[in-house]
Amino acid sequence: MSSELCVFEWRYGSDEMRKIFSRENFVSKFIQVEKSLLKGLVEAGFVERECVDEINKCLENIDLYKLSEDVYRLEREIGHEIAALTYLLGERCGRCGGYIHLGATSNDIIDTAWTIMIRDALEIIKRRFRQVFDKMIFYIERYKDLVMIGRTHGQHALPITLGFKFANYLYELSRSYERICDLEKRVLRGKIAGAVGTMAGWRGRGLVIEKVVMKDLGLEPHMISTQISPRDGFAELVSTFSILASQIDRFALEIRELSRTEINEIYESVERVGSSTMPHKRNPVTAERLSGLARFIRSLATAFYENIVLMHERDLSNSSFERISIPHIFMTIDQMFIDMIYLLDHLMINENAIRRNLEISRGAVMSENIMIRLVERGVPRHVAHKKLVELIREAEREGVDFKEILLRDDLVRKHLDSEEIDHLLKPESYLGSYRELIDRTIRYAKDILSRC
Amino acid sequence: MSSELCVFEWRYGSDEMRKIFSRENFVSKFIQVEKSLLKGLVEAGFVERECVDEINKCLENIDLYKLSEDVYRLEREIGHEIAALTYLLGERCGRCGGYIHLGATSNDIIDTAWTIMIRDALEIIKRRFRQVFDKMIFYIERYKDLVMIGRTHGQHALPITLGFKFANYLYELSRSYERICDLEKRVLRGKIAGAVGTMAGWRGRGLVIEKVVMKDLGLEPHMISTQISPRDGFAELVSTFSILASQIDRFALEIRELSRTEINEIYESVERVGSSTMPHKRNPVTAERLSGLARFIRSLATAFYENIVLMHERDLSNSSFERISIPHIFMTIDQMFIDMIYLLDHLMINENAIRRNLEISRGAVMSENIMIRLVERGVPRHVAHKKLVELIREAEREGVDFKEILLRDDLVRKHLDSEEIDHLLKPESYLGSYRELIDRTIRYAKDILSRC
Amino acid sequence: MSSELCVFEWRYGSDEMRKIFSRENFVSKFIQVEKSLLKGLVEAGFVERECVDEINKCLENIDLYKLSEDVYRLEREIGHEIAALTYLLGERCGRCGGYIHLGATSNDIIDTAWTIMIRDALEIIKRRFRQVFDKMIFYIERYKDLVMIGRTHGQHALPITLGFKFANYLYELSRSYERICDLEKRVLRGKIAGAVGTMAGWRGRGLVIEKVVMKDLGLEPHMISTQISPRDGFAELVSTFSILASQIDRFALEIRELSRTEINEIYESVERVGSSTMPHKRNPVTAERLSGLARFIRSLATAFYENIVLMHERDLSNSSFERISIPHIFMTIDQMFIDMIYLLDHLMINENAIRRNLEISRGAVMSENIMIRLVERGVPRHVAHKKLVELIREAEREGVDFKEILLRDDLVRKHLDSEEIDHLLKPESYLGSYRELIDRTIRYAKDILSRC
Amino acid sequence: MSSELCVFEWRYGSDEMRKIFSRENFVSKFIQVEKSLLKGLVEAGFVERECVDEINKCLENIDLYKLSEDVYRLEREIGHEIAALTYLLGERCGRCGGYIHLGATSNDIIDTAWTIMIRDALEIIKRRFRQVFDKMIFYIERYKDLVMIGRTHGQHALPITLGFKFANYLYELSRSYERICDLEKRVLRGKIAGAVGTMAGWRGRGLVIEKVVMKDLGLEPHMISTQISPRDGFAELVSTFSILASQIDRFALEIRELSRTEINEIYESVERVGSSTMPHKRNPVTAERLSGLARFIRSLATAFYENIVLMHERDLSNSSFERISIPHIFMTIDQMFIDMIYLLDHLMINENAIRRNLEISRGAVMSENIMIRLVERGVPRHVAHKKLVELIREAEREGVDFKEILLRDDLVRKHLDSEEIDHLLKPESYLGSYRELIDRTIRYAKDILSRC
């Protein structure tokens, strides 16, 4: 009976992703690589051609889940999972079984199996990415012109639109998607090179074997290797996920902040118990979880850098850490996407609150618009800047509309009349090139998506 | 059927530790805290005294494992495990069940349950610590006088003894033990203070309730809290474990290096398959795993620091991360101790190799002893230093014993005769106060162990 | 001419702290340790007593700044700063100069000098701590009863007081102060033990020398060491600072959030340019800087854990990293305290906004108070909870005062009359034991401060 | 007078790199961007064309170093460096000076200046990369066929060649170079978009200005931005450097291990003082420093991930951290390359030791070659494997040559005669496809270098 210590066994992550990194699938992928290797051994003349069929037939009759249990039971004893597997297959698959793994080293199998699992897992991730992009673009287009206040330092700054805000997230995420496309050429490589990377066990025919295996598995090989693939690949993957997770965290923080009671512009709409003692409240629990999960991923990157620093033709210190971390990281990023999609499906946009907040400053946020116009009318920039600072402070002190203060001031009045001031104080009048920027961002994101 | 994605479910860590952080035990500890709370509510006059017995009776008839499944099934729906639990108990335990959790907030229960689980887990860790100390002291005493080369920068430096080497590890580990003793007064505190920490739900009688609960559970309370305990406690715990794991990593590295083919002074003795292709080799796999596991722990510390930075009276971003990381970290440190104990039980000390390596430099490592004696005889320190550097280079160039070169030199000969040189070149003659240092270290370690 | 690449040279940190970690002070502390060592050598009979005076006299005539320049010029050549220093002193201080460093290894000097510098730096930190505590206690007492809304998940939760809020920070910081007191016994230790820690160069008299040096410098020695002090000390120090920095970050985040335009409860009052383009805005720049600086410290902890893992009797890989990081970390924590003190001196408490925000929810935040009272009147807890959830949703939907909805409800009306509801909806009526909690926290903090 | 607290001011890093991140150069790059912006403002019709020349003339007469001092003096007062700069230029450059910065926000200038500095710094890094590649290829080709023992788990495994070993490092580094090429398209982008990224200050003409500025500076723009560029760019850069630094660390570890007294195959040859007390020893101090510097870089990555998570249209918490870390990281990576190049220039290859070590196992390392041949002759793989394990243990127990044991064994003798055994025990006979692997790696590396 499982203890269910790990929340990824039952609470977080999809079944689809969980299956990829299940114990059973490890064994399944080891076997897949061993089978490709056997084809290579045939091609290179080490093994009779009929062994391919024979092994296939033998494997058809083996229950994978039971086999994986046997492998790891034996591994407890002999301390080595690939040795356990080849021993068991050797025992069960007759004469041809004896050829399995010939000339190879464990990490030919393990590292190539990792690559296959990661390729499968990245397919899920990329599919989820596309879903997120679609939903993001939906919001961007729908709220392209919904004016809201932009905030810097937590303070009201200048107006933007909600579509513009979301377009920034789309841009950031598309940069992560592009990174994944870029890293595939380094990370999705197989390794079939024997004990210290020289292919010595296959005499001069190692490159033939490598070619067959890679073709069979649809991979490129590493140009050279030690006993194992270079570990910078995993490090790049986890770095990329750390960036991605932090971008999602930023979006989550956006929602958490905008759903504050005082702001209330966007919130998660779902009905949940919320709080065991406080029946009011609409807690942004999905967004908060996203922030928490992001921390798990980004803190692990450092250990993957350390893992690069292996001795000579390899030491084993990378192994336990990878076996723990890679599945957990993929499950975490998977859950983050699940949560992100859920969040995007349950966002409530409170247009009233958005409008109301825009007016909180009673016009003061539009001061830059006034200042720029004064400069356009010939007032030196630093004079205009100083003047506006004073007028805002004055408006604040007196608690009146900014317009009232503006109208009182000689310098302002000299250059602007009441009607023009009215116009300049309208948020809509100060949105610059937001539409063009949004459009080029969507084009850019779609282009990136089409790359890999 | 479990996917067995997480290696801590079946491969790493003890059952004892796994049980503490099992899903079932979470529910069990939640119930324990709710029961203590009920006693407090009775004491404070909110609940009739007979409810304590009634609830106990009700709980006796509930299968914990099934309950934990129900709790987390309901949690899926309502998103809240404590709400799920109180709902289920309220439903199943009659009128008194309705008082469960009265006035409390979820984290009164969760954080206090964490503290109990951590206290239990630390007991295991401290027990393992004591085992490691015993084994360490065994080696220290047994090999107190076994002279070996000390190495700095990977280079032969000066002689030490094997006992002296191990005494350094004993000292380092005892500093970690002391840290655990120190942190208990900050970390092992309960929290019973209601929704925002003011105890408002219990009118003015919160401190009475807190007192009853803490006494019942054997804990001290936090002096004040928000909705949750301050998160610096977890951060300190994981920092302390990161230091401890790195110290064990250092010991593991010692063994990994000393078992190198060329050095061969100490190695893991157990028979294992070793390598799937290379039947020679005695790989230090336990030590290598220790190095890998250490990386997992120390990289996570940063996220625990981030987790301190919660908003106002709390946000939820700490929660998912803690639920993932704390069990995994305890399981990892547990496995590290298991491996450490195994390693100490299987160390082979190769005295021949130790002796052989001591003589590699043909006397040159003893040059400091010569130099000091020359200074004692009146040669200025920098003159003596320069001279010895020259003589060593000369010995190396010619490939002869250092003694031969020393005898050739006028300055040396003026102050030292052949017999004295012989004596000075003996490693045993240059071990300083190692015995006193070892003795005070053992005393110190034993004293620390008696503190908590 | 300096490039002023590093902002700690001119922008961040106090002169006082900068002086401690200046190049010149390194040399000064090296000399201090060498002088203590000389006294030890006299006591142990290696050196004539008059050398102590002679060396003191010689050193009086040396300009430290010039010497430090010479040391590091020579270090460029020979790659070794202590060798450079002893060479220069040997050259300039006559016959007795030749005894300087006799039997010692560089890290006897360097590690003991680090300890002295860290002790000095911790004195500054502790002094600043006390200033922060005083200011915190001032706010706590002044605003002990100022009712404000408590927030969880960024949502209005239940009322607290401003004094209660600040008391939580006081508690958290006092835990950090206590950690510093605890770590001093492990970190503030000197190391005088020669090349591989055996004290071999001093024959059997090393412990005499150690005793003299430690007494002279006011330190305890490490019980045992390799060539260097164990590196867990630095790791503990930086972990403790990482926790501390994150606590300050949490306070900074509190201010950043409470100064949001929509909330506006507390803000930094100082007049600054604010923004080069937006003359309105009161940006919490000091608080934001605190958050940024915290990241620098907490991310470095991992490397200090790695630094523990040195080979055998030491390797040099810790050295460059420590020389970079320790001064920068102390300068950063110093700047954080400077900023924290500045921030506390410039906080504006906007009582109007605090009051206004408290009423935003039109009573809904007080629902727990109603619920508890209903339970006290005999309504089962889960029934009351469910009821209140409904009523709040109703109030929200209709946009009316919570009281109005409560009065409409039969169940509520059965147990509570209008007057009692009025009372229960007053925030002041639901603050629990906040005064006692505040008082015991202040007592606790003062007690901690008196410990070291 | 500078305190010289920071070792990068005087000890580590090149002057060339130091200059890029000097305070003076910050100001210089700010001015460069402001000048480009002015051209854009002219193009968009905001400013008269003659202002470009006038400002150029005005700036020619300003001493940059003095100006930078003035800027940061004023910044102390007003808390804002770009405001200080524009104020000073406005004051000193007459009427046109008033147009400087019109419509822009500080981070238009700061972020674009960062990009220029990073581009310049990357040029240095790429140049150093090419030097390292050249030296690596030199070693690879020179020692292509020098047979040495390959080591896994610190144990002798199978023969490789020194050229093959170095080719692995070449491959790993070339992957980092490729990453830099890939990231440039994301990182080397400018940002000219005004206060919240909408370009509002420039009415509808912002895209014209952006185009002029980008063309003038030779950059691509970000597709969209908030007040600042997205921070994932810095994070990617530092992640990439963390990987690179860890790869160099791995090379450094290789040298540190191979220069161990017992191994002595490769070492740093330069004459240095080595150790203040131990005149023998050839410490790998350059390699050890590389390991230390790598820790500094890789631990900082986490903070850069945190820095991505900024609020809304930005908060300021990224700023102080970046200003500290980016210059220090570039200086560190610069020093690492300097050290790496120095190390490659001072490596001594001890061919005698390499040969001697190859024979330590007296043939046992060649057991895989025997095993494979037995399998080729029809012995089942697991039978052959088991047999070889026994024979090796036997040879070890008896302390005799492996060949002797082989000749004694019936199974072996049945398939192999003495001559064939002799051949199979020759390391040269078991190097597989190392030459082809080396060749394709060099081709690959050269191809990567030509990409950017």
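Note that the chains take the letters A, B, C and D in the order they are written out, and that residue 1 is the start of every chain.
Keep in mind that, in the parts below, contacts are C-beta pairs under 8 Å (C-beta built on N, C-alpha and C of every residue); 3 or more make two chains touch, one makes a residue touch a chain.
All figures in this text were calculated on a predicted structure; none of them were measured in a lab.
Contact with subunit A and subunit D alike is made by B, C.
Subunit A and subunit C have centres, each the mean of its CA atoms, that are 33 Å apart. In this assembly, the C-alpha centroid of subunit B lies 24 Å from the C-alpha centroid of subunit C.
Across the assembly, subunit D contributes residues 86, 101, 103, 151-154, 157-158, 194-195, 201, 256-257, 274-275, 277-278, 283, 285, 288, 291, 298-299, 301-302, 306, 315-316, 368 that each touch 2 or more other chains. Judged by the touch criterion defined above, the protein chains are all mutually in contact, each touching every other. Across the interface of their complex, subunit C is touched by residues 2-12, 18-19, 21-24, 72, 78-80, 82-83, 86, 101, 103-106, 194-195, 201, 256, 272-278, 283, 285, 288-289, 291-293, 295-296, 298-303, 306-307, 315-325, 327-328, 331-332 of subunit D.
Residues 46, 86-87, 90, 95, 98-103, 150-154, 157-160, 164-165, 167-168, 171-172, 175-176, 178-179, 182, 186, 193-204, 206-207, 222-227, 230, 232-233, 235-236, 239-240, 242-243, 245-247, 249-250, 253-254, 257, 291, 294, 298-299, 301-302, 305-306, 308-316, 368-369, 372, 375-376, 380-383, 430-434, 436-438, 440-441, 444 of subunit A touch subunit D in their complex. For subunit B in complex with subunit D, the residues that touch the partner chain are 149, 151-158, 256-257, 259-263, 274-275, 277-285, 288, 302, 306, 357, 360-361, 364-365, 367-368, 371, 385, 388-389, 392.
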